[in-house]
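One structure is given below, represented as structure tokens, and several questions about it will come after.
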Amino acid sequence: MNSQNFTYLSVPTVNSPSKTVYFAAGWFTDKQNKAYKLAMDAIEKNPTIDRENSYVPLEHQYKGLRVDEHPELLEDKEWATATFNGDCLGIKSSDIFLCTYIPDEEDIGCGVELGLAKSLGKYIVLVIPDEDYGKPINLMSWGVADTAIKMSDLEVFDFNKPEYSFYEGAVY
Amino acid sequence: MNSQNFTYLSVPTVNSPSKTVYFAAGWFTDKQNKAYKLAMDAIEKNPTIDRENSYVPLEHQYKGLRVDEHPELLEDKEWATATFNGDCLGIKSSDIFLCTYIPDEEDIGCGVELGLAKSLGKYIVLVIPDEDYGKPINLMSWGVADTAIKMSDLEVFDFNKPEYSFYEGAVY
Amino acid sequence: MNSQNFTYLSVPTVNSPSKTVYFAAGWFTDKQNKAYKLAMDAIEKNPTIDRENSYVPLEHQYKGLRVDEHPELLEDKEWATATFNGDCLGIKSSDIFLCTYIPDEEDIGCGVELGLAKSLGKYIVLVIPDEDYGKPINLMSWGVADTAIKMSDLEVFDFNKPEYSFYEGAVY
Amino acid sequence: MNSQNFTYLSVPTVNSPSKTVYFAAGWFTDKQNKAYKLAMDAIEKNPTIDRENSYVPLEHQYKGLRVDEHPELLEDKEWATATFNGDCLGIKSSDIFLCTYIPDEEDIGCGVELGLAKSLGKYIVLVIPDEDYGKPINLMSWGVADTAIKMSDLEVFDFNKPEYSFYEGAVY
Amino acid sequence: MNSQNFTYLSVPTVNSPSKTVYFAAGWFTDKQNKAYKLAMDAIEKNPTIDRENSYVPLEHQYKGLRVDEHPELLEDKEWATATFNGDCLGIKSSDIFLCTYIPDEEDIGCGVELGLAKSLGKYIVLVIPDEDYGKPINLMSWGVADTAIKMSDLEVFDFNKPEYSFYEGAVY
Amino acid sequence: MNSQNFTYLSVPTVNSPSKTVYFAAGWFTDKQNKAYKLAMDAIEKNPTIDRENSYVPLEHQYKGLRVDEHPELLEDKEWATATFNGDCLGIKSSDIFLCTYIPDEEDIGCGVELGLAKSLGKYIVLVIPDEDYGKPINLMSWGVADTAIKMSDLEVFDFNKPEYSFYEGAVY
């Protein structure tokens, strides 16, 4: 991957196709929040991503209700079912499954989504913070990923040109 | 679920069918190891499970090589691919996906496997230690599970009679 | 199909395998109720079916609540979700999708289940009352069925020996 | 759903993406024909739908032969297979499964297609005539739908922004 | 694989489970016919295979018509569709996809079936004549196979104990 | 299919959608190489195909290593796995599965890919050299294809308008 290749792409042209992504990422820890913001900024700039029509789970609160303001929702089966179904809809209706992945803070929710995305035939891209790239990741995540890139490459990565590669790091 | 119902089943009869399970469970922490042992003991006794032909990942080390004795394997793509493919084979060739699930120590590997099992149309059963039953679990795990039982019910649970139920606990 | 062939099978032997079925059938009209009872009687007698472990939706009322006694359930999203998920579990965990099918009273619910069963790779068998066999059926049902038999053949049909055949009647 | 939100979308811009739909609808009764026409008019106007490349089954008669002029086709296995395969191709090659749905006149053909669309990972949208919206629908249709909208919203519904919601009506 | 391990299995016991296989094999050349016969003999003796209920395509001629006696069938769309659907039914309703595989005489029909079996989640076993074991095989066959065994091991191979392994030969 | 219909399409307009294809074709024999070149030329000119973002396996050599210069790769499990996974990624991330198909030189690799494409719900188009069109093809390829066109039609075929048709030739 040579970022030079993408320079001219950073000026989107009328006909350049763009892809929608399901934006899988945690928002529970400082590290996750930092990576979330970096990844979001990058996809805003990436001309091969249709940011406006991509599915960001946090933008799809069931009935506009926020869990932090309504903790009782967490015991409500209607809310849970609708939120789960919404995430499944986001995964299946997006072109690409983009997963912000922090080796030290792996999240079972991303795990389930990775498994679903694999079975739905989605192109699965892991984005790993530069400082964490190369650290061991879970074997099952490793196995379902089509490629794993560094955060600093996300802005110029060409999502129209799928390319398989192994993660260049260990598994555990 | 009333364990009385199963009393007569505890004497297996010649024709009683039994099911194979993929035994998903972590073995990294004390709590996981304890739960692993309890679950394994229970399926040994459960007459509706064909323990001998069930797929326990730890019993399927690629070429009999143990990672703790050969840490270099973790960077070996052949080993990683074979181990990943082996787990996928175990999931697809078993009747049931049985997941020992500890709410406080959720594991991304189980997550990916849960997603794959869901898409393969497997009957998904979470087994939760009695003392943890009711604690919040990840929403995506909640959504793909067909039922969630207590560890103390595993020994007498009838795997021939699938029954859907929500987990009786919160999600997060 | 020659029922003579199955005579010796009607005495089940110790090792004869048997299959579980998902018992899809309507119970809303007189004709449906009559066909339901005939089909149920037949599978009780068929030695290639494991009746005890087959999934009959009516035997799986969520929390044991009956809709006719609790009509308010029909507006309850928890009840609806659990019942839908239960039917999906029944379909995926059974070996065969057996559908009691009345050409004059086709039911959209069976339709959705037929589509799900097709995609899950189930062997799909339509059972049609003798007096209706040959009447036109919906093209999409026709296309997903692996075979269509007469009600009077159900008792002796060998579910261990899948055989593809077209429905011998028109479509519309 | 607030139709105001979509006003500016009604002037399509050069780069606005649009989606193809599989147009599932009955054409057997007066009510179905009326709904068919209303739905077709609406998708002609909806700028987020690529009407020209959407799949409308009636526009894909096998070899241009019409069943009403050639009733013998209904007994012809070649014709039936090609028509069934054509519908399956339409469903799988379209972005969205759009189903004109009349609660009082549910159709098993739409049912099978709904099941297939669910398993293919399509975004499933039910469109219900305004005067019928809220009436009970079949539980299985309810369970596979991603959202259910009113006919009068179809013209301005944004198919680029998938959003999960339960049907606001009873099931049966 | 040490055939000694299986000695005691060669006396089947009352409760030993057995699996059904889809018997994929060519019958066009001398080499294929020889391998076909060897493989068939082996599964007759293998106690972990339920030979009687396994699906052997040659035993499922549509309407009992043989192509060599009725070459006009090859242009008949009804016959072709029924035969294709029958093979698909055999694959989906069998536990295991067993493929007699001759490296020098690979067959596109087995190829399509391998792809379908992979997607249906079947355990895929290639059986290669001893004298050909190790010869290069097509990369795509290599990739979908769960294991590849020698013909002389087929008689004692334990189909109840799935084990992933790479083919020990080159690809091309 | 009347090529006149497509004349005006040969001048692509700003908004005309285009599809990506997975370009399945052999490159082992003279006949394959000739067909490969003809098909490649045709898709370069076809305005309904997005050639730039289509997946041509030969353009995706793992790590840029060519097998003819590095024959040792054929025994390397890392190389084989990455190449297999790359082909699977190409199939799943493309809109259409386009297969250059030579009846006399069928290739098991295309077979496996056809089976995978079928299960992933791809629109499958076989392209057959004009001089070979009508020759018998394998039954399983016949069954999974959505349509089969002549090489000379490929340049003007409208990939935005899926249409099912049987191959007009025999099977074997």
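Residue numbering begins at 1 within each chain, and the chains themselves are lettered A, B, C, D, E and F in the order written.
One rule holds in what follows: a contact is a pair of C-beta atoms (placed from the backbone, for glycine too) under 8 Å apart; a residue touches a chain by one contact, two chains touch by 3 or more.
Because the structure is a prediction, the values reported are computed rather than measured.
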Partner chains that chain C and chain D have in common
A, E
Mind listing the chains that sit against chain D and also against chain E?
C, F
At the chain B/chain C interface, shared numbers over all numbers used: above half (same) or below half (different)?
different
Two candidates, B-F and E-F; the one with more touching C-beta pairs is E-F
If you fit chain C onto chain E using only Cα atoms, how far does it have to rotate, to the nearest 5°?
120
Per the C-alpha centroid definition, the whole-Å distance linking chain A and chain B comes out as 27
Chain centres from averaged Cα atoms put chain A and chain C apart, in whole Å, by 41
CA centroids of chain D and chain F: separation to the nearest Å works out as 30
In chain C, which residues are in touch with two or more of the other chains?
14, 77-78, 81, 85, 88, 120-121, 166
Can you give me every chain pair that touches, using the contact definition above?
A-B, A-C, A-D, A-F, B-C, B-E, B-F, C-D, C-E, D-E, D-F, E-F
Chain A residues touching chain C - in the complex, by the definition given at the top
77-78, 81
For chain D, which residues are in contact with chain F within the complex?
14, 50, 52-53, 55, 60, 62, 78, 82, 85-86, 88-90, 92-93, 120-121
Under the stated contact criterion, what part of chain A meets chain B in this complex?
74-75, 77, 80-81, 83-85, 87-88, 106-120, 136, 138-144, 166, 170-172
In their complex, what parts of chain C are in touch with chain E?
14-15, 17, 121-123, 146, 160-166
